[in-house]
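Both of the next two complexes hold chain A, though its partner changes from chain B to chain C.
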Partner chain A sequence: MHRFTGADRALALLILALAGVGFLILVGPVVVVLVTSFTSSRALQFPPPGFTLQWYRDLFDAERSAQIHVAAGNSLLVAVLTAVVATSLSTAAALAIARSRATWSKVAEGAFMAPLVLPGIAFGLAALMFFSWLRQPPSLALLVAGHAMIAAPFALRTVGASAAGLDPALLESSAALGAGPWRTFRRVTLPLIMPGVAAGAFLAFVSSLDNVPVSLFLSSAQTDMLPIRLWGMMETALDVRVAAASGVLVALAFVLLLAMDRAVGLARRMSG
Partner chain B sequence: MLDHPQPEETKPDRDARPRGHRLDIDGVRVRYGQTVAVRDVTLSVEPGEMVALLGPSGCGKTTLLRTVAGFIRAEAGRVLVDGAAIDRLPPGRRGVGIVFQSYALFPHMSAAENVAYGLEARRLPKAVVVRKVEAALAAVRMEGFAERRPRALSGGQQQRVALARALAIEPSILLLDEPFAALDRALRLDLQLEIKRIQRRFGVTAVLVTHDQDEAMSMSDRMAVMNAGRVEQVAPPAEVYDRPATAFVAGFVGTTNRLPGRIEARDGAGYRIRLDAGATVAVESARGFDTGARVVVCARPEQLALTEAAEGFPARLRQSLPLGPALIHDIECGALELKLHAARHGAPPAPGPVRIGLLPGATPALFPEGETT
Partner chain C sequence: MAEGGIWRLALPLAVAQMLFFAAPLLLLAATSVATDENLRDWSLRAWRDTLGDGFHIESVLNTLRLGALTVLATALLAVPLALVHLVAGPALRRVILIAAVLPLLTSVVVRTFAWIVILGREGVINATLIGMGVVTAPVPLLQTEHGLIIALTQIEMPLMLLPLLAALARIDPALLDASASLGGSLARTLWKVVLPMALPGLIAGATLVFASASTAFISQGVIGGGRLNYLPALVWQNAMVVFDWPLAAAMAITLMGSVLMVAGALSLLGQRASHA
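And now, the complex of A and B:
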């Protein structure tokens, strides 16, 4: 039997302490903003002197928060379209890369993953200059294009992981049984890589929803985005509705995460 | 044919009409980069026949099968079904059914959905699909497992479903790629017998890829022994065993004792050979050898025997092991190691010096020395 020595115990305590610090740093701010969003004070203040739902009422008030609602609508629309575009393109790319052993596929994968390490600000500026050079006025379509670029690596990774586990004999089986490429994709490939596709779509959606650097450059007054609007409100008025909006976003992400976990878990069971 | 499966009892195999299709592989060459995996192979499979492609791994047997299936394009040569070239057709339109080594059942579909897959791809009416799926599952005795997912089936059951799926589309040619490799030994024989029975009953032309000579022997009507991309011999299993065409076949199929020697003289239908071990034997052979040529006599364990006669060569019996009704003698003769197969009666002989001779009437194979590997 292995006996725990003093050194072992010290190491365990150290790891526990580090985990505690990490947990505090990761979760602490979220708790602070959630608690603050219920404050009865008129300022962003922690700890709050009392609690009220007033800021949530204000946030959902169609008249007083009309601008926020427009920005939120834009953000949600762009996030959904980004998830669709980024996941579709990444799925196509991931399947081709998984199937190919050629050098170009490694190069292509590197290129698709590049936005992950590219500084967001630099990419935002570059995208703005590029689209102005093409004489494209700011629009939601441009925002989707920009966000999809940033979101694609996430989807490529998750779909790629699923596609790598796909037995090539299944695809050959399907072809030998007379199925064309489209039927094979719809009936065999897609159901089997669904966990990766769902996870990729979720990550793309979330990364678009809270994207600041690209939206900063590509949005305009007509295409206002929620994170940009919230930042503007913070700068001018320290509006507590920002905390309430953050609370809503955290809740939304949490619900989506649970939904995705259920869907992916379900897909796993289906493929089992 | 799947619509009306006949009970086996009322329809013996020999009454089954040959409904199969003819497969011709004509001068097929396949190259992977610099490596030639299949070298100008020509092979015909008669309607309803099962031919086994037997060989060590890397001999090109699987590549040849995949070329017939349409997954690999041949650099040269043609593949014909009933005389029509199918080289330019995609796998799904070649009329081939394949059972993969891993079975490749779709894990997210039930057994019935797996079997229905190929029928649905052919856009058959739903009622027809349902009927054919039922018939195919019944043919492999899996009708009680239609709604099970592959993961909920044993290896043998998965293999039956894979076979049903391949047969449901009523293929001209059935391709079996090491179909028993993943099964344990006890189950293997049962399934081999069953698949053989089903193949006969459906009269489907079949190609079986295997590295297991027992499997090739028991299942195939003829076997094609492959080595380094070439077919070395195509013949019924008994003929391959009794009259191996090359030294490779003699060594790969069954056990062989290699006895080097020198041609002394022609002798009737064969030659008199002076063995290095110190005896003169007569071996029939249709091949031409010059007097004095170096040769290797390839004798099966049951073609040699311990003998009292003076014409035998001296050796040393190391041990004798009982193997069922037989006795295996483990013998040392200079640098040679020999295995003898004898009937077991009485007490086994004691280890020590013995004399070994060719059993009267035995016909070992004879090859030039350089050919033996």
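And now, the complex of A and C:
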């Protein structure tokens, strides 16, 4: 066992205290949002003076919250399509990179990851300029194209991690047994890399659902997106429906996270 | 498929990125040196406005400082959390991991909204301070830089914590015991054994946090408020309100250049550290 000196003990205590603050700051705000969403007050008091379901009723009211519902529908549709597009493109690319030993694959991987570091605002503006130069009116398809560029690196990383563990001998024996490339992919490769593909699709979906910088420039009154609509509600008036909407989003994220974690160990995959 | 033809599988993503990522960025660069958004003629006016104007230079520096301070704040809390994760049992490890991932999966808008509730006049912090008798009137926290940094610390922390956890996962706990049994103090063990292993994660985290915090448009605007000027808000205003696209483009490229320079410097630092 470690023999702790006084200085060691002080340092250990300091580390524990900072870790405690870190944990509190990570989890606290989520709890605060959930509690606030049940407040009976019109002001954002904390702790709330009383509790009601009023804001959730308002939020789900088809008439009063019609715009929010349209925006939520658009966001969900774009997120699903983005996940499909980004994951398909990234899965193919990740297989190529994993199976090639050539230098190009290192260079390509670096280039494919670039959207992760580039400021989203700059890319959002660039995309707006590009599509208006092509005379394309705002549409959900353009939003999918923009979101997919930002989401692809997430899927590339998780699929890449799975594909790196693929045993080439398995694929060769499948080919030797007479299976074509497509059959090998469906029956051998895909089942083996499925955890990475599922985690990648999930991350792509979440990154699109949460995207602000691209939607900020590419969405319009007809193609309103949920984060942009909620931002507008926060900027103009203090609308407590934002708290209820946040509550729904937190619950959705938590359910999805637990489901994915059970299925493929997502948390481990994201940190590894 | 033969080894020689495998590169074709990377083609769809490469083409999509050229078309929808690289081409727009080229157009952005071209627009920044044009007289207007139709590229009728070339002009350096937008760049003179961006780099020759005290107000704009100040917002560039504000943005860089915000990114740097957020990196420091997230590192200060994420490193201890990662250390606790390193020595914790499986149950606590799982709790820390979920705490790290949960904010990442709750929308940025939700996280920003949470901080309005926490930092507001009747929010958690002011209610606590007044309740404890520390202050008699609410302290202004919204629309201040330190309020914004506190909020961004939570909003960006997963980006620092996850790479750190990944880097530290490679440490063999036996190594720590060995260092301790050889008489190394805790500080010495951390400095000589843990820090070198954590450095790649720390640098990856710093890069991601810096890039994300300096471009966090909604948090900067809603929590920082109108009195603090950051580049993303100026890019948005010039593009969508003023419709001065060349100026917006020049500012977006300035933001991009600053972030890439910091990312490059960090990665250089990482290479030097790993060779030392």
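What to note about this one:
In the analysis below, the second predicted complex is superposed on the first by the 260 of 272 C-alpha atoms of A that agree within 3 Å, B and C clash if a C-alpha of one lies under 4 Å from a C-alpha of the other, contacts with A are read in each partner's own complex, and residues count from 1 in each chain.
By our rule, contacts are C-beta pairs under 8 Å (C-beta built on N, C-alpha and C of every residue); 3 or more make two chains touch, one makes a residue touch a chain.
The shown structure was predicted, so the numbers you read here are calculated from the model rather than taken from an experiment.
The superposed arrangement places chain B and chain C next to each other on chain A without a clash. When the two complexes are overlaid on their common chain A, residue A:140 makes contact with neither chain B nor chain C. Look at A:84: by the touch rule set out above, it reaches neither chain B nor chain C.
Residue contacts after overlaying the shared chain place A:183 against chain B, while chain C stays out of touching range. Using the contact criterion defined above for the overlaid structures, shared-chain residue A:167 touches chain B, although it does not reach chain C. Of the two partner chains, chain C is the only one that A:230 touches; chain B does not reach it. Touch counts on chain A: comparing chain C and chain B, the chain ahead is C. With chain A as the corner point and C-alpha centres for all three chains, the angle toward chain B and chain C works out to 100 degrees, nearest 10.
With both structures placed on the common chain, the touch criterion links A:263 to neither chain B nor chain C.
In the superposition on chain A, contact is made by A:46 with chain C only, not with chain B.
Measuring only between alpha carbons, the smallest separation of chain B from chain C in this overlay is 8 Å. When the two complexes are superposed on chain A, the residues of chain A that touch both chain B and chain C are 270-272.
Contacts from chain B toward chain A in the complex involve residues 69-71, 90-93, 96-98, 100, 102, 104-108, 117-118, 121-122, 149, 151, 165, 169. Only residues 167, 169-170, 172-180, 183, 187-188, 191-192, 270-272 of chain A touch chain B when the two sit together in their complex.
On the chain C side of its complex with chain A, the touching residues are 1, 3, 6-10, 12-14, 16-17, 20-21, 23-25, 27-28, 31, 37, 76-81, 83-84, 94, 96-118, 120, 122-124, 127, 150, 153-154, 157-158, 161-163, 165-166, 169, 177, 180, 185-187, 190, 207-208, 211, 214-215, 217-218, 221-222, 231-232, 235-236, 239-240, 245, 248-249, 252-253, 255-256, 259-260, 263.
Considering their complex, residues 2-5, 7-8, 11-12, 14-19, 21-23, 25-30, 32-33, 36, 43-47, 88-90, 92-93, 95-97, 99-100, 102, 104-105, 108, 111-112, 114-123, 125-130, 132-133, 145-146, 148-149, 152, 156, 181, 206, 209-210, 212-213, 216-217, 227, 230-231, 234-235, 242-243, 246, 249-250, 253-254, 256-257, 261, 266-268, 270-272 of chain A touch chain C.
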